[in-house]
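What follows is a set of structures to go through.
Two complexes follow with subunit A in common, the first pairing it with subunit B and the second with subunit C.
What follows is the complex of A and B.
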């Protein structure tokens, strides 16, 4: 029977069975992980294709007392993205495994699967304390992943991530405790129904606590000061995970909770200004950076600011735009960080001049396409989202935001064209870079999907429209959870 | 004299006020520690103080005076006049998670110290900003 519990149970089960799997030769763990991720991806595709009504998977006791996993259009959108990118990352890692293997590789696979399980759990869960638990599991696995190489820089990144993450979890758990004390429930649907009965001050306090808690993880201003250090210290493979999966999961959960708890809030302006400040600031700082991982870290922060702006509007058009940007950004950042992993391993340098030394026409074009997509050039995937968001804000009359987005894109263009210029400069190149077939096919698949979405975005429009309708409609969510009986 | 004081303190409202004020003082001590201290271990201790303050706040307010533990036995055969067990379960989970994060943090700090000899976060600037 198909069930959404497999998304969480199987990766965790994999983690526990690693000691047994490692007895089956040296490839046992790696191949099992790959098969697991492939099957989870296929499972998510099958679930998405038959998803006519939302599926609520009840665990032991029916809601509101028990925990339920809700697979509706929007949560399955995220689950599909997460399983797809984890699969892609695993295949890429398998392609370079013969040349450069992680020390103690089994641990890497355990952490990767733990991160996948917790990101999916965050998105699917309908119980706020359960969200806290997954928040922490994702946190712990990302702290270990970012300090994976155990060099001084990696440990520094891990420590910084851990300190900020511990602070974040305190504020989040404080908010959750206040909700339980006053409403007597942890179920998202019941909280959503009764949240308006709380006094305005208490609502504001809880919203602030949740904003601070998630702000550290969603990487918005003023909580994002250490994020670039974390990206610099971790390996690019891990950065790809952070940028494409983890931060997106937190972003979704934050706005999901906001839409559910306070559907008619009046702090859109506050959220918009947070988004604008984090976007502009990140893009300005990115220009001066000389470390290539830092450049893309700041570019991620800028894009997350843009996503924050899109989701703050809380209209279905803005959410559609946001989901398009999110998808395009995830694909492009996956390509960039995966190729950076190979480039940095090959040329042993993290300075942006490494792009000048890089001798691989294939990588050059792949990186060019993904950077143009991030910039939002027409015919690439990033264009659709940027166009839709400008259109939405134009109709709503927010011309300040439009000019901020255009300004940010212009600043982005400065440093992306600097990088592109470095890549296509006719100077002495380094050694020729060998890329294995698996790695080439992964990068090619992602790049083709960038071009395909850019040329024909309507293929996703049904799915994304449904997802945005589901995300914005808190009444449907309440009914599907509370209507379930065992 | 002492008896009246004890009776006064034993009122539910007074107890709750004491718990709220006390735990918030503890919370801000922790926050102050995080903002002023620079040593890794001291920062971890401050984080833990903040966490514990919130646990005390929650468990203190969730506990209602005069109600019993939600267990049958000792002549109690029905679930009447029981305290809500869920806050206790939540606190236990949160304590375990908090300790796990703390242990991970301390072990990372030790590894980092072995490599570089640094013990304070203001000297931790290998990653340039």
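What follows is the complex of A and C.
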């Protein structure tokens, strides 16, 4: 029986049952986790292919009183991405497991699956307090994952993440409390129907509280000063998770709530300027960085700013562009951080000069392709989204934003070409870098998908168009949820 | 000189800005006092009568919003795991440096059985009277804390506690999945819940069972957290 509840229940079941699984030999936990992620990915594919009308999974009591999980085109788009990337990451880790195994590996698998469950829960849930619960699960697993190595940097990262995360929770829970106090419900559809009845100051206050609460996690300008430290302290494998999965889940929830609560373009200009500032600042700071993880951390922040701009427009064309950018960015950052994990493990250095020493033609080309895709060069996946977003803003007449996006891309080009130059420099190389077949095939699969989406983006256009329609249309969402009876 | 002048200035301006901010929020909240509206919580409490559970708060926590409770259990589970991961070190052991007071040792021995029984009662009767799994679990963990800080010989075996922890967590999700299969709703109440039996120990279907599971889970997680935090570094 197909049900979207498995996406959350099975990872939790796995997490709770790890002590039993660890009795089945030393590979029991690792292989079960791999099988679980494979089956969740297959489940998401099956659900997507079967999806004609949105499915509402009722838990215990039908909405608006109870909690329900909604799988529609856009939420399943995100669920598929999340399960796919977690699967890819697990396979990659299996490839290096014999050489460099994490200490307390079982706990790593628990946290990985908890993070997956909570990211999916954030996307699927239709109850704002339930969203807060998943917000906390994702938060706590991230704090622990970022300080996993217990080095000084890692502990600093974990502590900073914990403090900022706690701040974010306070603001978010206060906003949720005000919503419940004044509207008497936690259901997203009912809040969406009645949000305009609140007085305008109260709307502004709640919107600000939610913006600050999610702003810390979506990593936009005034709240993102801590992010690079966390990327520096965590292992690249964990960075890949944060960059490709966790931040995307928060981004979706933030804009989902925005479209539902404030469907009129009241805050568009404000959000656009926040996005522009965070994009330009992050790209400028990235130029001066010498730690390779920090470079890509700031590049992630820049790309998130771009995504923020795209989603802030609140039109379906801009959302289509945003979803393309999101997909391309997730794939490219996955490739980059996974390869960085191997490179840093091999050469024991995090300085950008490590790319100069790197002796592996395969890695070189893989990194080249993903960086070009991030830049938005034609024939790579990143181009489609950047082209569409420029087109949308051109039609809408926002030429200031267009120049900001082009400026950011130019700054991006400076440091990406610096890195590419380092990789292709003809100097003395380090030892030859061995990459296991499993890891090679994972990276190759991701790179081929970058090229494939770049050359033939229309294969996804039906799905992405439907997803953007679903995301922008708050009336459909209300009708889906409120029409359900158990 | 400049340092002396700047630090108070930043502090003062920081306080000033926060004061203005807080006053603005208070002003907004005072001007918009909530009207006497009917909230979802009232509706849920009214619906409780259909489930045969005497304590209506329990129904809301465990059944109507059981998915949130599962999430909270997961939060506690990860927090305990993180504390274990961060504080566990080969240099640590939990042998107290000095003997505790004799009165405390005897008092703990006398009191701890009472605390455990009280915790169990709160846990098991959670669907009938005030209390429940969370509260009962914490009471049991506090009894274990008392034993840990009072007597030297006492230590809890993590392997042993892990059995309870695992069984409780797994059975929570499994009960939820059985509900999904039988009633097409995760955490659905698939056991008979006769309204005429309201107030008896065996009433309410899966609700008391889940609350006891929650109690076991909370009790074991909290005990492990307390134990991990009591461990001391040998070098100290």
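FYI, the second predicted complex is superposed on the first by the 485 of 486 C-alpha atoms of A that agree within 3 Å, B and C clash if a C-alpha of one lies under 4 Å from a C-alpha of the other, contacts with A are read in each partner's own complex, and residues count from 1 in each chain.
The rule we apply is simple: a contact is a pair of C-beta atoms (placed from the backbone, for glycine too) under 8 Å apart; a residue touches a chain by one contact, two chains touch by 3 or more.
Small disclaimer: the values here were computed from a predicted structure and weren't measured.
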Subunit B versus subunit C as contact partner of A:181, first or second or both or neither: both
Which superposed partner A:437 touches (first subunit B, second subunit C, both, neither): neither
Which partner, subunit B or subunit C, touches more subunit A residues: C
Subunit B versus subunit C as contact partner of A:200, first or second or both or neither: neither
Touching partner for A:49 - first (subunit B), second (subunit C), both, neither: neither
Partner chain in contact with A:144 - subunit B first, subunit C second, else both or neither: both
Partner chain in contact with A:228 - subunit B first, subunit C second, else both or neither: first
Subunit B versus subunit C as contact partner of A:165, first or second or both or neither: first
Footprint overlap on subunit A, comparing subunit B with subunit C: 129, 133, 136, 140, 143-144, 147, 150, 158, 180-181, 184, 186
In the complex, subunit A residues that touch subunit C: 1, 3, 5, 9, 12-13, 15-20, 57-61, 64-67, 104, 107, 110-111, 114, 117, 121, 129-130, 133-134, 136-137, 140-141, 143-144, 147-148, 150, 158, 180-187, 198-199, 201-202, 205, 486
Subunit A-facing residues of subunit C, complex: 25, 28-29, 31-32, 34-35, 37-40, 43-44, 47, 63-68, 70-72, 74-75, 77-79, 81-82, 85-86, 162-163, 165-166, 169-170, 172-174, 176-177, 180-181, 184-189
Contact set on subunit A toward subunit B in their complex: 129, 132-133, 136, 139-140, 143-144, 147, 150-153, 155-160, 162-163, 165-167, 169-170, 173-174, 177, 180-181, 184, 186, 228-229, 232-233, 291
For the subunit B and subunit A complex, residues of the former touching the latter: 34, 40, 43, 47, 50-51, 54, 57-58, 61-62, 84, 86-87, 90, 93-94, 97-98, 100-102, 104-105, 108-109, 111-112, 115-116, 121, 124, 126-129
